[in-house]
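Residue numbering begins at 1 within each chain, and the chains themselves are lettered A, B, C, D, E, F, G and H in the order written.
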Amino acid sequence: MAKVRGAIVVDNELCKGCGLCVVACPTNTIAQAKEVNGKGYNYAYMENPEACIGCANCALVCPDSVITVYKVKVS
Amino acid sequence: MAKVRGAIVVDNELCKGCGLCVVACPTNTIAQAKEVNGKGYNYAYMENPEACIGCANCALVCPDSVITVYKVKVS
Amino acid sequence: MADIDIKDIIREENLVYKKTDVLTDNVMHYCPGCSHGVVHKLVAEVIEEMGIQEQTIGVSPVGCSVFAYNYIDIDWSEAAHGRAPAVATAIKRLMPEKFVFTYQGDGDLASIGAAEILHACNRGENIVVIFINNAIYGMTGGQMAPTTLVGMPTATSPYGRQIDLHGYPMKMTEIVATLPGTCFVTRQSVEKAAAVRKTKKAIRKAFENQKAGKGTSFIEVVSTCSSGWKVNPVKANEWMTEHMFPFYPLGDKKDCEKDPAEDYEKYMKG
Amino acid sequence: MADIDIKDIIREENLVYKKTDVLTDNVMHYCPGCSHGVVHKLVAEVIEEMGIQEQTIGVSPVGCSVFAYNYIDIDWSEAAHGRAPAVATAIKRLMPEKFVFTYQGDGDLASIGAAEILHACNRGENIVVIFINNAIYGMTGGQMAPTTLVGMPTATSPYGRQIDLHGYPMKMTEIVATLPGTCFVTRQSVEKAAAVRKTKKAIRKAFENQKAGKGTSFIEVVSTCSSGWKVNPVKANEWMTEHMFPFYPLGDKKDCEKDPAEDYEKYMKG
Amino acid sequence: MGELRLMKGNEVIAEAAIRAGADGYFGYPITPQSEIMETLMVRKPWEETGMVVLQAESEVASINMVYGGAGCGKKVMTSSSSPGVSLMMEGISYIAGAELPCLIVNIVRGGPGLGTIQPSQADYFQSVKGGGHGDYRLIVLAPNSVQEMNDHVGLGFDLAFKYRNPALILSDGVIGQMMEKVELSDYKPRLTEEEIIEKYGDWAHIGKPANRSQNVVTSLELQSEIMEKRNQHLIEKYASMQEDVMYEEIMTEDAEYLFVAFGSSSRICQKAIELARAEGIKVGLFRPITLFPFATNQLKELGQKMKGILTVEMNAGQMVEDVKLAVECKVPVEWFGRFGGIIPSPQEIVDALKHKIIGG
Amino acid sequence: MGELRLMKGNEVIAEAAIRAGADGYFGYPITPQSEIMETLMVRKPWEETGMVVLQAESEVASINMVYGGAGCGKKVMTSSSSPGVSLMMEGISYIAGAELPCLIVNIVRGGPGLGTIQPSQADYFQSVKGGGHGDYRLIVLAPNSVQEMNDHVGLGFDLAFKYRNPALILSDGVIGQMMEKVELSDYKPRLTEEEIIEKYGDWAHIGKPANRSQNVVTSLELQSEIMEKRNQHLIEKYASMQEDVMYEEIMTEDAEYLFVAFGSSSRICQKAIELARAEGIKVGLFRPITLFPFATNQLKELGQKMKGILTVEMNAGQMVEDVKLAVECKVPVEWFGRFGGIIPSPQEIVDALKHKIIGG
Amino acid sequence: MTEEIIIAGFGGQGVLSMGKILAYSGVMQNQEVSWMPSYGPEMRGGTANVTVILSDEKISSPIVNTYDTAIILNQPSLDKFEEAVKPGGVLLYDPNGITKPPTRTDIKVFKVEAAEEAAAMGNMKIFNMIVLGAYLKIKPVVKMENVMKGLEKSIPARHHHLLPLNEKAINKGLEVVKEVK
Amino acid sequence: MTEEIIIAGFGGQGVLSMGKILAYSGVMQNQEVSWMPSYGPEMRGGTANVTVILSDEKISSPIVNTYDTAIILNQPSLDKFEEAVKPGGVLLYDPNGITKPPTRTDIKVFKVEAAEEAAAMGNMKIFNMIVLGAYLKIKPVVKMENVMKGLEKSIPARHHHLLPLNEKAINKGLEVVKEVK
C-alpha cells in the first residue's frame, strides 16, 4: 500500500503568525513558535513533521503565501 | 328609471389640446376645436353635450387639470 | 331621455370633479399630454384628502419636473440631479413628524442617482418616492435613459437602444422591492381613468404608510413623453401600452402589509 | 510507516505547492490573517494558469486593497473610491482583447460606488468583479459598511448596527444577480482549504467567461477583517462562519451557462 | 469658565457641534477626520439633545443631506477630507446658490488625487475661490489650535446663519489629530420648532401654513434678468462679510518683516519667529483667521509698512496671490512652502525668510 | 484647405474629436452641450474609426471612465456643463495626480447651483486654480469662435499628451450653440496598439510584457518624502507649460487702454473696440487663449504701457485677479461683467471703460 | 457690407432653419457669417429666435443688440424686437396673429402674408421660405443661386426632392411682400 | 520651562497613551501641553510616535524637529530619532530588541528594562507605565500626584481599578532606570 509523506517550508521571516494554517491542517502538523520573528510574529513551523501528508491545505489558506509544500509517495 | 346627465367645463385658454380627454371619454362627448386658443392649441370642448354622463374620466386623465365635471340625476 | 339644460347641470351643487386647491393656478410648463401633469394632480389630491398640506415637504428633482414646486402648493426643496433621496432623508430625519416625498424622473433616479435611491430604500427611510418612468431624458431633449427600451430611438441612441452598446433597460422597481427597507413597491400608470384611480390609491397608501412609520414606499408611474418620443400624446399612450407595459408590468411588487414578517425573515435568512 | 527524511521530501521534484510567480515578492501590508492576501493569491494563480499575465489589467479600489498593485505582477489602475467599475468599463471597451477585473471592498463597491457597479453590471460590461465583503471599512479604521450585520459593533456603530439608525445590511450579490448584464454571480469564501479551492474555481470561471465575451462575472468573497472586528484571525473565521454565512449564504446566484435563454426571456418579460 | 479638557481637534469638532445645538451631522469616513463621526456615534447625541447623526453612503450623499437639512432651518454639518470634499463641489455650489446656512469641515490631506493622508493646506483655492461652479463664496475659517476647533464650530454656525451661507472650517491633520487643552463651550439648546418658525419661517421648508406662501429652496432661475439679480445679491452679500473678518497679529509692533500664514503653518511660524528674533531678525506674523472674508485692508495697512513679506503655506503657493493683491504689490511678497504631507520646520522658515526676502 | 462647413460649436467638438483620432468619449447629457454626445451618436465613429462613445450613468462615472481610458494611453475625452463639471472635481484631481492626458470640455452655464442654462464664464477659478483638491493645474483653452472649437480639440489633445496632463476647453453657450464657418481638420488616424506601446509603453496600463516592470496608474503615495517629490515635479511641469502659452492682441499697436477678455466675451469686446474707436478712444484687446498657462509676461509687457485696463468677464470678477498679478498693480485694472446668463452689450462695455478707467 | 438680422417667432415656425439657410447662402458666396440661436427654456412651445450676421469682414460679436433687419413672426417677438431695429433699418412681419402692428416711423416696415400664402399653396412647411423670399426682395444680400446652394447644403439629402417647391415658395415671397406706409 | 519629548516605538506598545498621560499630567498642574501623534499608514503593525510638549508658556509649534527628550522603544525609532535629541538632551530607551544601541556622547543616555520588568510583574500592559516612571525619574517635569490625576483622567472609568497597579509600575520605573555611561 502506497503511503504519502509531505513537508512544508514556512518562510519564517515573512510569516505573520496568523495561525490560519494551524487550524487548516488536517493532521495537526503545524504549530506557532514560542519565539517571534523580526517583525514580532510567532511564526508557524512543523511541530509534527511526520504527520504531514502534503495536502497543501495550509498553503492554500495562508494569506501571505509563505508556505511551500512538498509531497512524496512512499510505499 | 333614474338616468344620469353630466357636463364638463373646459378652461379653453388653459387647455393644451393634447386630446387625452377625447379618447378617455366613454361616450364620445368631447372633441377638439378646429380653432386654436391664444397659445395655438386646439382646445377640447363638448361636441355631444347630451352624451355626457359626468363620469369624470376626462378630468381624471387631463394633465393640466382644466376640466371641471358636473353631474345630475334625472328621472 | 330627460331633457335638461346644460346650464342646469353646471351648478355648484352638481360638481363632481374639479381641480384641487392644493394645485396652484400656475400654468404647467409641461408639453401637451405630459404624464407629469396627471401625477402632480394625484399627489396634490392625496395631500388634500389627507389634510396634510401644511405638513408636507416635497423634493423635486432635476428633470422636467424640476419646477414641481410651481404647481403643488406646499413647501419644497429642489434637489441636485439624482440626490433627492439624500435630501429627503435629511428632511425626514430632522422633522420626523412631517410628510416627505421625492418626485423623480428615470434619469434622475435610475442613472445618476442610483446610489442614493438604493441606500435610502435600504435604510428604509420613512418617505414616499414617486418615480416617473418615461424611458427618456425629457428635460434635456430626449436622450437615452437607463429605462429606455431596447430598440427605442433617442437623441443619444438614434438607431435605437442596442444592448451591446448601451446595456439593458433597468427595472428599478424590481430592484428596490428586494430591499428590506421598502414596505410598499408598486408600478402604476396614468394613461386611462381606471389607471389614474389606481395610481391615486397607491399614492394614498404610500402616504398612509409614512404616517404609520413603515419605511420607504416606492411608486413607479410608467409615463409618456410625447416630445421625447416624437409622437402625439394619444399615440404616446398607445405606444406605452403596447411596448412599455410588457417590459414594465404594472402592479404591486411588494406590500408589507400583506406579510411583513415573512418578508423580513426571508431577507435575513438570505 | 516508511521512514523518510524531511530533506528527501523537500526537493524540487516533490514540489506540490508554491507561491505563484504572478505574485510579486513584496510583503503584503495586510494585517495577519487578512482575507485579501488569500484572494490576491487566487487571482494571481488563475492569471498564471490561464497564461494571461501580459494581457490582464487590474483595477484596485480605495480600501485596504488599494495597494493590490504591489502584489499582483500585472499592469494596474488605481481607481477613485467606488469608481473601479467605471474605470474598468473604459479600459475594457478601449482594449477589448485584454482581460480586465476590478477588485473592490464592500465600502467601495456597495456604498459610495453603488451606482457604478449597478450600471456596469447592467450594461453587461465584459469584466470580472471581485468583491471582498468583510462587513467593515478596514482601511479607515473599522467603520460600518453597508454590509455590516445587524448588531455588529464598528467604530461608527459602537453599540452595534441598528436597523432604525443605519438601515439593513445590503446583499449586493443578490441585487446584481437580478441584472441581465451579469452572466455569473456567486458568493464564496476563503476560510478553509475547500472554500479556497471553490473560490479559485469561481475566479477561473469568471475569467473564462470574459474570454468568451459573456458579460459581467461577479464574485463576492465573504471575508474577515480581524483588525476591524477586533478578534484574532482564527476567531474571525469562526465568527464569519457562524454569523456571516447565514446572512450571506454561499453559492452561485446565477450562472448563465446553465440557462442563458430562459434567464434573458424572464427579464424581458418582467 | 467652561469645561477644561485635553482632546484631539477632531473630537472637539464633534463635541462642539453637540454643544452648539447642532441638529444634524451627515458624513462619510475618511482619514484623517473619521474621529469626528466616530466621536459623535459614541456620544449618541440623539439620546441627549436629539441631534441626528447619520453615516451617509458617500460624500455626495452627505452634502445633499446637509442641503436638505439646512433647508429645514436646522443647524447641520458634514466633515470630510480633500478627495471627499471635492466630491461635494456640486452640492456646495447648490447650497451657496440656494443661500442655505451650514457647516463643512475639511481636514485637508495632501493631493492631488488620492495623494497622502498627511497634513496639507493645498485646498486653499478650492475653499476660498470656489471649487464648484458659478460665482459663490464660502465663509472660510482656519483654526490653528484645538481651542479654535471648538470655537470655530459655534462661530461657523453663527456666521452661516447670519449670512445664510455655507461656512467651511479649513484645517488639517496637525490640528485635527493633535491634543491640546481646550475649554469646551457651554451647551446651547437646539432651536425648538417654534423658534425655527419664528427665525427662518420666511424661507425654510418646514411645512406651509395656510397664511403664508410657499417656501421653496432652489438655486434654479431660468430667467436671466432674475438670475443676474440673484448673483448681484450674492456679490453684495459676500462684500458685506468684511464686517466679520478675523485675523491675528503676533509681534508685529516692531516688525520689519512679516510672515503671513494660516492654520497649522501659522503655529510653525510662531516658533520660527522665536528662532529669528533670537538671531535679531525682527519678524512678526499676520494670521488670517477668516480666509474668506480675507483681511485685505488690514493686511494692506500692516504689510505696506514691512520691508518684505513671506507667505508660508503647506502647498505650492496659493494664499500668496491674495497677499500680493492685498498689499497691491507695493512690498516684495514671496512664498515658502513644503507639501505632499511634509510640514516645514521652523528653521527652514527662518532660512527661507533670509534667502527669499532679507537677502533677496 | 480642409473641409469648409457651417456648424454649431458643439457639433464641431464632436466632429473634431473624431478627426483628431480620439479613441473614446464618455459623457452624460446636460444643457447646453448635449449636442456633443448626440452628434457623436449620430456619426457612429465606432463604425468608421473605432472610436468608443458611451453615455455614462453620471458625470462622476464619465470622468472616471476618462481616467481609465487615459491610463491605457488612449485619447479620451468628456464634456459637460458647470454642475456636471463640479461633480468631476475628485476625478479631475486624480487624473492630474496620476499625470494622465485627456480632454475635458466645459460649456459653462450660469451658477451657482442649478442656476441657468444661459452662457457664463463663472467657472474660470474652478478651471484655472483647480476646483478639486490638492495642487494641480489643468491646461485651459478658451476658444472664441467655432473655428477654434475645432482647433482646440486637436491642440488640447496634443498638449495633454505633451505634458501628460488633463486639458480643459472652457467655453459657453455662445460658442457652443452658435454656427459659424469652420474649416474642419483633416482626419488623423487613431494610434495603433504598436504605436501606443512605443509612445506610452513606459507608463500606460496596456498589459505588462515579461520584459518590463509593471505600469501602475495611481495618484497615491503614502511616503511624504516621495509625495513631495511628486508635487515638486508637478510644479515644475506646470511652470514649463509657459512655452505653450497662447494669446492674441487686437488693435493694441496704438492703444492707450486695454480690454482683457477671453472666450465669448472677447468677441463682444471686439465689437466694443469698433464702437469705442468710432468715438476716438484708442482701445485694444488682449485675449488669453490659454488661460493656463496664463500669458503673464506678455500681458505684463503690454499692460504696463497702458493708461488702464478693463477686464471684461461674464462673471463676478475672476480673471481680473490674474490680470492684476500680471501687471503687478502698476496700471489701474478694473473689472466689468454681467452674469446670470446675461451677455454684456458692446456699448455697455464701452461705457464701463469710460466710467471705470478713463474717467476713474 | 454687414447685415445684422434677427428672426423671431414661435418654435415650430422654422425660424432657426430659415436663419441657417440664409447663413449658408452667405457661406456660398464667401461671406463671413454667424448664426446665434436663443436656446433653453424657450424651446418648449415658447418663442424662438436667431441672430444671423452676414458680412464681408470678420464678424466681431455674434451677439448684437440692434439689428439692420428684424423678421418677426408673432406678437411677442414684435413686442420684444421692434425697438431693436436700427433707425433706417427694416422690419418685415407676417400680419397673421399680430394684434398690435408695428408703430415705428423711422424704419421701413414690410409685411408678407406668408401663412396665408403657404396655406394657399397647401403646405405650411414652406411658410418660412415665403418669408425668406420676402426678405430677399427687400435686401438682396445673397444671390438667388447661392440661396439655392445654401438650401441644398442645409437640408438633408433625402429631402432634396423638395428643393423646387422651396424655390417656388421663395419666389412667392419675392412677389407678395409689400411695404407698409 | 519647556520640555519637548518624542516617544516612539511599535504600535501596540502604548506609546500614544503614555504620551497622553504625560500631557494630562501637565494639564493637572496648569501647564500648557500639546500631544501630536504620527498617524496614518504607520498604524498597522508599523511604528508609532507622539510628540508631547509641556511648557509654562503658550506652545507655538506642536511639531518640532529636535527634542529635549527621546523615549525610544524599538530599533527603527532609535535609528530615526537619536540624531534629533538636542545636544545635552536625554535619550531613554528599552534595550529589549535594540540591536544597535545609541552612540551619541553629547547627550545623556538612559535605559530601562521595562519589557523585562513588565513580564516579571506578569502584565505586559503596564510596560509603558514603567517607561513613564523611568522618564519621570530623569525629568520630574510633573509631580507624581498630577501624574496620578492625569492617569485617572485619561483612562476610562471602568478601568479605574487598575490605577494602583499602574502606580506600582511607575514606581518600578523610577527604581530601575539606569544611566548608560
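Methods note: contacts are C-beta pairs under 8 Å (C-beta built on N, C-alpha and C of every residue); 3 or more make two chains touch, one makes a residue touch a chain.
In this text the structure is predicted, and so the values were computed from the model without any measurement.
Listed by label, the chains touching chain B and chain H alike form an empty list. Averaging C-alpha coordinates per chain and comparing to chain E, the farthest chain turns out to be B.
Centre-to-centre spacing of chain B and chain C amounts to 25 Å, using the average Cα coordinate of each chain. The centroid of the Cα atoms in chain G and the matching centroid in chain H are 86 Å apart. Chain centres here are Cα means. That of chain D falls 63 Å from that of chain G. With each centre defined as the average position of its C-alpha atoms, the distance from chain E to chain H rounds to 34 Å.
Counting only residues that touch two or more partner chains, chain F has 31, 54, 57-58, 60, 83, 90, 94, 98, 113-114, 116-118, 218-220, 222.
Contact with two or more other chains is made by residues 31, 66, 78, 80, 111-112, 114-115, 118-119, 141, 146, 166 of chain C.
Those residues of chain D that touch chain E in the shared complex are 62, 66, 78, 80-82, 107, 111-112, 114, 137, 139-141, 143-144, 146, 155-159, 165-166.
Interface residues of chain E facing chain H in the complex, by the touch rule stated above, are 4, 6, 31-32, 116-118, 173-174, 177-181, 267-268, 270-271, 273-274, 343, 345-347. Residues of chain H that touch chain E in their complex: 20, 23-24, 27, 32-37, 39-41, 59-65, 153-154. By the touch rule above, chain D contacts chain F in their complex via residues 53-57, 59, 66-67, 69, 73-80, 83, 86-91, 93-95, 98, 115-116, 118-119. The touching residues of chain A, when paired with chain D in their complex, are 3, 5-7, 9, 14, 16-20, 22-24, 41, 49-50, 54-57, 59-72, 74-75.
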